[in-house]
Every structure is written in C-alpha cells, then in structure tokens.
Amino acid sequence: MAGYSELLSFMDIPVFRLYATYAAAVTLKMMFLSAWTARFRLSRKVFMNLEDAEGKKERVREDEDIERIRRCHRNDLENIVPFLVLGLLYVLTGPSVYAAAWHFRAFVASRFAHTVVYLMHVPQPTRFLACLVGYGVNVSFAVQVIMNGQL
Amino acid sequence: MAGYSELLSFMDIPVFRLYATYAAAVTLKMMFLSAWTARFRLSRKVFMNLEDAEGKKERVREDEDIERIRRCHRNDLENIVPFLVLGLLYVLTGPSVYAAAWHFRAFVASRFAHTVVYLMHVPQPTRFLACLVGYGVNVSFAVQVIMNGQL
Amino acid sequence: MAGYSELLSFMDIPVFRLYATYAAAVTLKMMFLSAWTARFRLSRKVFMNLEDAEGKKERVREDEDIERIRRCHRNDLENIVPFLVLGLLYVLTGPSVYAAAWHFRAFVASRFAHTVVYLMHVPQPTRFLACLVGYGVNVSFAVQVIMNGQL
C-alpha cells in the first residue's frame, strides 16, 4: 500500500519535479491576467456589472485595452489547460529529463512571450509564432500519450 | 512496480482524499452554471444560435441576466482551473492535513460565495473579496510548489 | 520510496491507461478548434486585433461562423476541463475497467458529436443531447468521487 511518503517522493523524480515547477509558473502567469484586468477596470472605471460601477450606468461599457487583456486570458485558458493535463500524462510515458525539460521550457517561454507580445501590440507574426510553439509542444505531448495508450 | 491497489490507496492518504473531495465539489459547482444558463435560455427563449431558436431570429439575442451567469462561469474557469492543478501539486509538497484542509475549505467557500453574490447582485466589495480569498489560496499553492521545485 | 519506474508503471494499469488515452484524444479535439478558428480568420480576413489585420480597421469585426467556432470552443472548455480532473479522480476510486471504459467512451463520443453537430448547424435537440451525455458522465464522476471522499 502506498503511504504519504511515497506520494511525496514524486517530487524527487526529476521529470515530475520539472513538470510541477513549470506548471505552477505558467499557471501563475495566467492568473496574473486576472489581476491585470482588475487593475485596469479600477483605474479606468470600466465595469461589466452595475453593482461594480457604484450604480453609474455610463461606467458599464467595454474598453479595448481591457478586452485585449481578456482575449489574452482566454487564449491562455485554451492553451495552458491542455498543457497542464497533457504535460502530466506525458511525464507518465517516461520521457528523458532532457526531452521533458525542453518541452516544458519551450511551452512556458512561448506563453510568457505570447502575453508580452499581445499586451504590447507587437506586430504580427510574432504573436502567431509564439502561440504556435506552445501549440506544437501540446500536440507533441498528445501524440506521445496516445501512442503509449489504448482506446 | 506499482499496481492498481497502490494507485487506489492514494485515496486513503488524508491530504489527497481532502483534495479529491473539494476538487470534485467545486467542479460540480462550476458545472451547475452550465445547467443554470440552459434553464434561463429555455425559459426566456434567448439563444445564441438560430437552430436553437426554432429559426426565429428575434430569439437570437443577449439577455443581461444570462450574460451575468456566463461572466460568473468564465470567472470560475479562470480561478477553479488553477485551483485544480495547483492544489494537486501542493498536496505533493507535503503540507500538514490541517494546513491543506483550511486552504481547500477557504477556496471552495470563496467560490460558492462568489457565485451566490454574483447571481444575487450583492453590492461590492463582497464579490471582490470572495474572489480575492480564492485567488490568495491559489497564489499560496503556486508559491509553495515553486519553492519545492526546480526550473 | 517511489522511483520513476513506479510512476511510469501507472500507464500499465488498464483503467489509468484508458483515462490517459481518452483524455489526450479529447484534449486534442478541443485544441483542433484553435486551429479551425485561425484557419477561418486567415481565409476570411476577420480579426480581433488591429495588428493582426495589417492595420486595416475594416478587417477588425465579427464573423458569425467564426463566433460559432468560438462558442463551441468555450463549451468544450466548460465541459472537457471538468472531465479531465473528475475523470482522473474517478480512476482513483477504483472503478471496474468495464465501467470506466464506457464512461470515457460515452464522454469522448459525446464531445466529438457536439463539435460536428455545432459546426454543421444540425437542428436541435441533437446538440443538446450530445452535450447532456457528456454532462451526465461528469456528474457521475463527481458523485462517485464525493461518495468516496471526506470534507
């Protein structure tokens, strides 16, 4: 029977430890966008609900910069959620530490780049390429899990 | 080699068992918002697709109460998804049952409160504070995972 | 202490292996919608950001077919994310391979059907029923996890 000490020792397995750290870092980056949205809503007084706007209807409107942050956040959800799940399953297919580390680094770097590029209005195709790298990592994970799997 | 009995015994580890139960409860709460949206769409006959509206174009429109449920649902996705992943990784850093239980309870209570407050139009800063508690729990998880990790 | 070989042997446990394969397949299906959106944005020249549209303001607009794909994608996020987490926790409650396989197959089939039906404008209640099957599987997972759990 597995005890708690055994569960905890997963963190001593290098590939798993890398996964846990990169997953936490990229999730924290995604969460930053919630705070960033809130900051702009409060400073610009632009809200989505009447009770947030002290009852002032003219403050319930859309702001293009805030919508941009929300689009970036949604793109994060669409890409980081697959990474979190596929990355964990990929670890269980037994990749080398080297291969796993570079998959994780490429993904996390691509998502940090995507956010910076999106929020700073950097001309395309920069954002497209940043997104593509992360997408490619996720596809690589999925293929390796499915090749090791059974339907 | 780990067998199935070993995998199953994770549920006997108190911290893991708490995680699994709270994670399932808060995910079920998030799923409730799908059903709640569907209920209002059907009773108010407000849809997003022409084929849902029996081909009646005037039924394809936005309803502020339904949009409110959808905003609540999106906020859940943005906050509960990080909880589900970071909470699991946090369990693997070896917290005490006491610390883990209160992290989980604070998060789940904050999200139930957030939903009630959002859907009942309770004046601010109630919803902001409810959201903040859950956000703080997630940040606490992420910091503890990263402190135990390696990049 | 658990070693890497033990972690890897999870993939040899039939119920876990089924989970991993179906989870990867349905996540890949969800990711397909990102590519599908991008394909239509590029061919129809309809964008959400000015820098994507080569600075041409008239290209920053909404297209009903693209919004349809995005609604389908959001519905996936709202339903597949719960599956990925609840499905994993359900595996740890010790279901039979038979019960687990049919839960996974019903869910994944319902989500593939949902996407095809949504994107092809199939009349209701087809999409509603496809969504309902997946929703029911998730509720079944959550109930079984909570019944095995502790608050």
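As written, the chain order gives the labels A, B and C, with residue 1 at the start of each chain.
In this section, contacts are C-beta pairs under 8 Å (C-beta built on N, C-alpha and C of every residue); 3 or more make two chains touch, one makes a residue touch a chain.
Treat the numbers as computed from the prediction; the structure is a model and nothing was measured.
Q: Building nodes from the protein chains and edges from chain pairs that touch, which of line, ring, star, complete or other describes the result?
A: complete
Q: How would the chain A/chain C interface be labelled, same or different, where same requires over half of its residue numbers to be shared?
A: Counting which numbers both chains contribute, under half are shared, so the two copies meet through different residues.
Q: After a C-alpha superposition of chain A on chain B, what does the rotation angle come to, in degrees rounded to the nearest 5?
A: Rotation angle, to the nearest 5: 120 degrees.
Q: Report the inter-chain centroid distance for chain A and chain C in whole angstrom, where each centroid is the mean of the CA atoms.
A: 17
Q: Could you pull out the residues of chain A that touch at least 2 other chains?
A: Residues 2, 7, 10, 14, 77, 81 of chain A touch two or more partner chains.
Q: Taking the touch rule as given, give the residues of chain B at its contact with chain C in the complex, in rising order.
A: Listed in rising order, the residues of chain B that touch chain C are 1-4, 7-8, 10-11, 14, 17-18, 20-25, 27-28, 30-31, 34-35, 48-52, 73, 77, 81, 84.
Q: What does chain B use to touch chain A in their complex?
A: 2, 5-7, 9-10, 12-16, 68, 71, 77-79, 81-82, 85-86, 89, 91-94, 118, 121-124, 127, 135, 138-139, 141-142, 145-146, 148-151
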